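Across the two complexes that follow, chain A remains constant while its partner is chain B and subsequently chain C.
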Partner chain A sequence: MKLTFPHMGNVYIAAKAFFEELGQEVIPPPRNSKKTLEIGTKYAQETICLPLKIMIGNFVESIERGADTILLTGSCGPCRFGYYSVLENNILKDMGYRVRFIVLDPIGEGVDKLKKNVYQLFNAQNIKDVLEAAKIGWQLIKKADYITDLSNRKRAYAINSYEVDLIMDNYFKEVEKTFGAKEMMELMDSTIDKLNRVKIKQNFSPIRIGLIGEIYTVIEPFVNLELERKLGHMGVLVEKSLTPTIWVEHHVKAFPFGSKLERLKHELAKPYLKTAVGGHGLETVGSAIYYAQKGFDGAIQLLPLNCMPEIVAKSILPNVSKDYSFPIMTLIIDEMTGEAGYMTRIEAFMDLIKRKRRTVANG
Partner chain B sequence: MSIKVGIPRGMFYFDYYFLWKNFFNNLGVDVITSPKTNKDILNKGVELCVDEACLPIKIYHGHVDYLKDKVDYIFIPKMTSIHKKEYCCPKHIGLPDMIKNNIRNLPPLIDTEINLKKSHKNIKSSVFHIGKHFKKNSKTIAEAFQKAYRQYQEYIEMTTSKIIPIDINTKYKELSYITNVKKENYGRRIMVLGHSYNIYDYYINMDLISKLNKRRFDVVTAEMVKENRSREYAARLPKRMFWTHGQRIVGSAFALIEEKSISGIVYVSAFGCGLDSVLIDLIERKAKENRIPFTLLTLDEQTGEAGINTRVEAFIDMLEWRNRDEIDLSTHG
Partner chain C sequence: MDKYYMGIDVGSVSTNIILMDEEKKVHYKKYFRTQGKPIEILKEGINNLVEEIGEVEILGVGATGSGRYLANIIVGADIVKNEITAHAVAGLNFNPHIRTIIEIGGQDSKIVIIRDGIVVDFAMNTVCAAGTGSFLDRQAARLGIDISDFGSLALKSKSPVRIAGRCAVFAESDMIHKQQLGHNQYDIAKGLCDALVRNYLSNVGKGKEILEPILFQGGVAANIGIKKAFEEALNMDVIVPDNYDVMGAIGAAILAQEEMKNKRKTNFRGFEILNMDYKVKGFECNGCSNKCEVVEIREKDKVLARYGDKCGKWSSLIGDNSIKLA
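Let's turn to the complex of A and B:
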């Protein structure tokens, strides 16, 4: 079994080390690139949402490197993601590839199937092995997220923000050369060390922006055209409403009740949106209010073209924005999104926020 | 004067109007509907709704706006799930919330959640929640609903049975949108697929049904295939289809494709429909395997009738040619 999985931000870093540690052969897809997107756009149906297109690109690039098994987390509605695996399987078959899909569907779809998949993936004999392995995986995910977050913070405060990019690019390069959890942890620790040594501005209070919206576009920098870096270089501090850590805490660790943070966001959203609507539509509304209450300067919603839950959220955000006098901008993203127009909109939004800060300061 | 409840003529109207209307009437409540979709309703909807939404959602905004000054309540249930373990579209679930945030000065909404995901028994509490606006007594409410539900089942039986009762057009006058579809005259038929509100709102699809009839084709829709049959066929998918509307559309299509009782398929889809992006792929594959011609009409507020006509004409021409060729083949071979 040569295992691969789609890219989703930094998850591959944890996943690679984790599965190597368990004795699986892992072939992570090359980092997302124009080529990845081109493959996806060419072979996936035009009308499907963007994440699927990128995933197809990932799979093809991994298969070409020898992968024969694809690992996916599943869901069973109400959003399209739940049917991704079937569509992807069809597309790959059309292209003449024969691969196996392992889809980790929620427990509601049958405990036995999930158990079988997990035991096989984790090379586990019993529940103790599974829990042991899960512990390592969880540490890796948390640390990978910590680095992403630290780099975002440092970038906003750095005297030379490009120093942070240098450290991060180097980290990504080194990831490919490591093997197993121990080496990965070492690399992570030394990266944290380097980031901590970046010189920062004193007495500086950056603009703070919450990134909200569809999970994949929030987590995967290639898809959002490196929004975190762009904002960081403008001296803006970015916090993401969704990270792999937040996801795991909500869906796995606190199952079936959900994590405290997510429950808080649901409560906040209630006056505007009574129930969940699939995807992360409810979280988007809740996060906007959460950031407004935390004194952030604004929020940016990321919406992959035609994303159903985020369209519901987008209908609601103007009222949140008005009630909390909290600027919110929506960026719609598809395979045609161009760098130039995108940058213009971000800059205009930052100008608006700066103006607002000045009026608040003066008034 | 009795209380007036408005039911917008869009979205689930085309599935449940009959049930809802009778339920409200049985409770002694008058029901007012908006007129058939027209240009004003469309324009108003486009103005009120976010750009990114699909056409039927925009149009629905127009219908709600029409009703808002004319009734005491507007009925916009939150359709989360209408079948065990299944869901509706995320936009169906968020519909009342979208409406509330997009339209000002609304009368009170009855936006009760219908969520049968865990159990079909949950319908009871939804029914009470709705009925409580008008009647105190739970038993009265339950009876009003049961009676309406029996009538609704008769109606479902009617739409899925081969025989058309003679009095159909008098008894179900308001339901002419579906009874018109059911006429059988030409001995050959095209399956028209898509969400009910895209098929039975003749304004949305520019009266596609008549266009097909004019070219001497009968029409069959997903609603005309019995539910258990659709479910049986949908169960052949490699993964459980978790959208109830997906079950109905894909299952009915698979059934008729496999029994080879249709000449072709026209799929009517709203631009940007998330469910359709999945369903179309599944159906088109199956149609191809079975050599059933398939065409897709994508609609948004800018779609012109001329373009639709050309597509439909071209598709039918192709079907006619194909028929002729097949007859030629059999006489020679």
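Let's turn to the complex of A and C:
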């Protein structure tokens, strides 16, 4: 079994080390690039949302490198993601690829199947093995997220923000050369060490922006045109409403009750939206209020074109913005997104926030 | 020698250059077609300026528009600002009480919502160019009328036809259909104006609270037919400022003036830029599968700028990081 999985931000870093540690042969797809998107756009339906197109690109590039088994999480929420595994399986079949799909569906879809898949993937004989393995995986995910977060913070405060880019680019290059959890942890620790040594500005209070919206576009930097980096270079501190850590805490660790943070967001969203609308639509509304209450300067909502749950959230956000006097901008992304127009909007949004800050400061 | 601030707005369709004095009075304004060769047009524009009013002292330069980074490289700007902010600054300078700015240019349209003199919200057209200058230009040509007569023609209409304005392609075929049915030019022109305004309000202005006073600027503001259609659709007065067509450049000049308060010397590279020869070269980087198209601008043997790469491998070679934001 040569295992691969789709890209989503830094998840591959943890997943690669984790499965290698468990004795699986892992072939992560090459980092997302224009070529990935080109393959995806060519073979996926035109009107499907962008994440599926990227995933098809990932699978094809991995298969070309020798992968024969694809690992994917499932979902039965009312969003097209629940249909991804079936659709992707069919697309790959049509293309003539024979690969095996392992879909980790939520427990509600049947305990036995999930158990069988997990035992096989984790090379586990009993529940103790599974828990033992999960512990390592959880540590890797948390640490990978910590690095992403740290790099965002450092970029905003750094005297030379491009220094952070150099460290991160080097980290991504080294990731490919490591094997197993131990080596990965070492690389992560040395990267954290390097990031901590970046010289930062004193007495500087950066603009704080919350990134909210659809999970894939929030987490995957290639898809959101490296928004975190762009904002970081402008001296903006970015916090993401969704990260792999937050996802695991809500869906796996705190199962079946859900994490405190996500429940708080549902509660906050209630005056505007009483029920889940699929995907993370409800959480987006809650996150906007959450960041407004935490004293952030603004929020940017990201969504792939024609993402239904986020469109619902988008139409609610102007009211949130008005009630909390909290600037929110929406950026819609698909394969046609022009980077120049995107930059103009981000710059104008930052000008808006800076002017708002100045008037608040002057009384 | 007279002293001025220079504002440059390099847009997709037009390049505007203005000169403004300390009192923010505009002394010179020129509107050129960019025609896809911004560098030549910039040089030509500045040459034109020198010929008309002679060499003057430039106190500061502001650049805006989609070609703002290029303008900065060629001319040397003290401030490089996006067009949304530049338009808002110019609008507020014209009338500090305005609460809405409608701006329709060659290829994009924007709405800027202002409350108590601060921009609180904005939007730009995202998917469709129906309702922008280039589209109107094309349809005027199809109707066989000069674009400058378009507005006055529309005003003569007694019963405008209804044209589907949701999409530029459909609007065009619907308009041809109405022509074939034998409708007169006035009614079709007015129908197009109404369709464009409808499109603007439902696409760009969607969900925004449009309050008076409303300023209408950008090249399309010259079209009195569109202005009238906005007034009818909103049931409000719409103001078109005198310098409606160069508001972006004025905004850039005002921002340059602000910037120069904390600066001693302007970055303006002088009128010698007219005699310089710029070479632009594009190449594809083969470093990874992104295959970025990198653009390089040279002045003789000196590389002035490189941009277009995702990773910064080429742009960082210059040692000027600001360009990476482009």
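Simple rule for what comes next: the second predicted complex is superposed on the first by the 363 of 363 C-alpha atoms of A that agree within 3 Å, B and C clash if a C-alpha of one lies under 4 Å from a C-alpha of the other, contacts with A are read in each partner's own complex, and residues count from 1 in each chain.
Operating definition for what follows: a contact is a pair of C-beta atoms (placed from the backbone, for glycine too) under 8 Å apart; a residue touches a chain by one contact, two chains touch by 3 or more.
Everything numeric in this text was worked out from a predicted model, so none of it was measured.
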Applying the touch criterion given at the start, work out whether A:155 contacts chain B, chain C, both or neither, answering first, second, both or neither.
-> neither
First (chain B), second (chain C), both or neither touched by A:332 = both
Identify the partner contact of A:281: answer first if only chain B is touched, second if only chain C is, both if each is, neither if none is.
-> first
Looking at the overlay, does A:318 come into contact with chain B only (first), chain C only (second), both, or neither?
-> both
Once the structures are superposed on A, label A:7 by its partner contacts, choosing first (chain B), second (chain C), both or neither.
-> neither
Which of chain B and chain C A:53 touches, first, second, both or neither = neither
Return first, second, both or neither, reflecting whether A:16 touches chain B, chain C, both chains, or no partner chain.
-> neither
Now for A:30: first (chain B), second (chain C), both, or neither, which partner does it touch?
-> second
Partner touching more residues of chain A, whether chain B or chain C = B
Could you tell me if A:356 is touching chain B, chain C, both of them or neither one (first, second, both, neither)?
-> second
Shared contact residues on chain A - chain B and chain C = 315, 318, 332
Spell out the residues on chain A that touch chain C in their complex, using ranges where they run on.
-> 30, 33-36, 162, 165, 169, 226, 230, 233-234, 315, 318, 321, 327, 332, 340-341, 343-345, 347-349, 351-352, 355-356, 359
Contacting residues of chain A [partner chain B, same complex] = 45, 47-49, 76-80, 82-83, 85-87, 89-90, 108-109, 272-279, 281, 303, 305-309, 311-312, 314-316, 318-319, 332
Spell out the part of chain C that touches chain A in their complex, as residue ranges.
-> 66, 81-85, 108, 116, 118-122, 124, 126, 207, 288-291, 310-312, 316, 321, 324-326
Which residues, counting only chain B, touch chain A once they are in their complex?
-> 49-50, 52-53, 78, 80, 85-91, 93-94, 96-98, 101-102, 111, 113, 237-243, 272-278, 280-282, 285
